[in-house]
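Shared chain: chain A. Partners: chain B in the first complex, chain C in the second.
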Partner chain A sequence: MKFFGLLSVIIVGFLLLSATKDFPNWGDEDSPANSGPVSSFYIEKTEEKTKVPNMVTAVLADYRGYDTMFETVVIFIAGIGIIAVLRTYGNNESIPKNQVGDEGAGLLARMTCSLILPFIQLFALYVVAHGHHSPGGGFQGGVMLGASYILLALAYGLARAKSCFSEKRTLVFAALGIFIYVGWGVLCLVMGSEFLNYSALDSILPGGVEMARSHSMLAVEIGVALTVTAIMFSMFSNLSTKGRLDKGL
Partner chain B sequence: MDIIIASFLEDSIVPKFNYWIYVILMMIGLYAMITKNNLIKKLIGMAIFQTAIILLYVSVGVKADANIPIISHHGEKDHVEHAQNENLDSASEGSSHHGSKKEYHVIDKNKFANPLPHVLMLTAIVVGVSTLGLALAISQKVHGSFGTLEEDEILDQLRPGGHD
Partner chain C sequence: MIWQFDIIILIFLVVTAVIALRVKDLLGASMVFGIYSFLICLLWAEMGAVDVAFTEAAVGAGVSTVIMIATVFSTTRRSKD
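Moving on, here comes the complex of A and B:
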């Protein structure tokens, strides 16, 4: 088994490596991927058309809005799937009360966490809110915000983190994020344009068509961030307690 | 012999080293997925495989003299643009690639990395996290019902004539 595995891996690797001589060189500006019309359009026109200097966010939240919407739905489904697979209810006699790890980490770790947690959360919110002007966006900021709750659970015990972000609240937030995203698309539909065509919203958002698209990107990023935050914390709390949600690591 | 190796290095490894790295990483991941007996090790192999693919795509989008695909605003130009959209004459100065006054966004596309692979790989990373989380949950459940994560022991228990 090991031999055949190694053999097939080496064959695949050899085939891929022998194909690389037709690939463009490292950093080639004229390669098909870099000189194609699509990426050139994104680089040259995004700021003119959307007033968003971060092209990645602009492409992600506007031009490929459908993709990102269903990406958020993928995260949501993964979180729901983890809950469906792992979550157990009822009494757990097998777990003794007040076992090690109940009260979280030691004093130093707890003090450090209580000092840096507000800054982590503030920075996460900045990454979400400023994601279309600087590196960042809904996914990145959402992961950081979720990580701050995971840090809280590691330092102070899962019960403390759950008092901030209970299981019900995680699910409500996860669904609310998708609701914001889809609702924003439906709003475009109501305003008389296509689904997720943000330029239809210029009559209700200030600043003209371009700024309407920019603001809409912020709105859908906030939705994405809500979902990602909730699902990240839900994943951690379910995986670390085998679905019992009683005590963390 | 030395000349052959040197020319091989110069022609196919040095200008295309990103492909070599991705192929080697992919081989490591694929080998782990095929031959490793432990389910968690298989998942680690899958993560390495995903990383290799992400590396391939992002390295394809690299341009030699390019920066990140974010158009930087120079100081107060940002505010000028937001405050007065029509008065573009004052906004177009201060930057080398903001040329004429009609089109104040004359952007040299070779100054910015290709944003499209970044966007696609953001999707791939997110899907990778989702699949990894779900796979970990399922392997935890497998461990709960079989008491082991070794593939051959699980198959032994699943076999009709097997022990247990």
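Moving on, here comes the complex of A and C:
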């Protein structure tokens, strides 16, 4: 059986490698992705129309807003699925003895974490807030913010992290993130334009149509970041305690 | 884009992928997966896709490694095959 597995891997690998020579060269100007009308429109007009220098964020949060919205919903569903599968209530199952207790890590690790945690969180907030001017955005900043709570749980025990970010608060934040994103789209609808067409919001946001789109990107990135933060922490706390949320790693 | 750098990273990528498949200790395998993610993050940063590299560093090398290690700790550490 292993021989056939190896054989199929070799054949498929050979086919894939022989197909790569038909790909356009890296950075080729005449490749279909670069010569089409869509990408040249994004490259030339993004900064002029949205005042956002990072066109990756502009494409993700503005031009393809639906895509990012449902990506966020996918993350939400993944987190809800993990909770639905793993979360157990009550103490029917005995807690294994070999698990590390709630006291967390040693003194040195605790001190290091308490020194480094504020900077991680501040940098995560910077990545969210500055995502349309520099690399980053809601997903990356949200993951880093979630990772800071995971670090808190690893160093000080899950109970300490849960006192900051309880299970109820996790679920509320996860839903609130999607509510912000979808609500922003509905706000565009109320202002008399299409769903997620941010240029309709120039009458309530300062700075004209372009800045309205830029500010709206920030708003939806904050929504994405809230959902991702909450779901990352909820995934970790459920997976590390087999859904009991009492004693973690 | 420096091609010597690329070759080194690609060789390390293949080596870490094979190690992650072959190693019996699942904790070690998840840590090697973290190294794999970090190497591919370097490759993307070098190609100019900084946003993708950032996501890979945060999600792939950071949180997913932690989540995999948490899962290993609450299941089993030895691979069956």
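Annotations
Here, the second predicted complex is superposed on the first by the 241 of 249 C-alpha atoms of A that agree within 3 Å, B and C clash if a C-alpha of one lies under 4 Å from a C-alpha of the other, contacts with A are read in each partner's own complex, and residues count from 1 in each chain.
Just so it is clear, contacts are C-beta pairs under 8 Å (C-beta built on N, C-alpha and C of every residue); 3 or more make two chains touch, one makes a residue touch a chain.
Everything numeric here is computed off the predicted structure, so don't read it as measured data.
After superposition on chain A, the partners chain B and chain C are seen to fit next to each other with no clash. After the chain A superposition, the centres of chain B and chain C are separated by 40° when viewed from the C-alpha centre of chain A, nearest 10.
Legend: residue contacts after superposition of the two complexes on their common chain; A:12 is shown touching chain B, with no touch to chain C.
Here chain B and chain C are compared by how many residues of chain A each touches, and B touches more. Residue contacts after overlaying the shared chain place A:44 against chain B, while chain C stays out of touching range.
Using the contact criterion defined above for the overlaid structures, shared-chain residue A:144 touches chain C, although it does not reach chain B. When the two complexes are overlaid on their common chain A, residue A:26 makes contact with chain B and with chain C alike.
By the touch criterion stated above, A:195 is placed in contact with neither chain B nor chain C.
In the superposed model, A:235 lies in contact with both chain B and chain C.
In the superposition on chain A, contact of A:179 is made with neither chain B nor chain C. Within the superposed three-chain model, A:123 lies out of touch with both chain B and chain C [touch as defined at top].
In this overlay, which is a superposition and not a single complex, chain B and chain C have their closest Cα atoms 5 Å apart. The residues of chain A shared by its contacts with chain B and with chain C are 26-27, 54, 56, 135, 137, 139, 235, 239, 242. On the side of chain A, the complex with chain C involves touching residues 26-27, 54, 56-57, 99, 127, 135-137, 139-140, 143-144, 146-147, 150, 154, 232, 235-236, 239-242, 248-249. Of all the residues in chain C, the ones that touch chain A in their complex are 1, 47, 50-51, 53-55, 58-59, 62-63, 66-67, 69-71, 73-74.
Here chain A touches chain B in the complex through residues 1-2, 5-6, 8-10, 12-13, 16-17, 20-21, 23-29, 31, 33-34, 38-40, 42-45, 47-48, 51, 53-56, 59-60, 64, 67-68, 71, 74-75, 77-79, 81-82, 85-86, 133-135, 137, 139, 208, 235, 238-239, 242, going by the rule given at the top.
For chain B in complex with chain A, the residues that touch the partner chain are 12, 15-20, 23-24, 26-27, 30-31, 34-35, 59-64, 66, 68-73, 81, 85, 105, 107, 109-110, 112, 114-119, 122-123, 125-127, 129-131, 133-134, 136-138, 140-141, 144.
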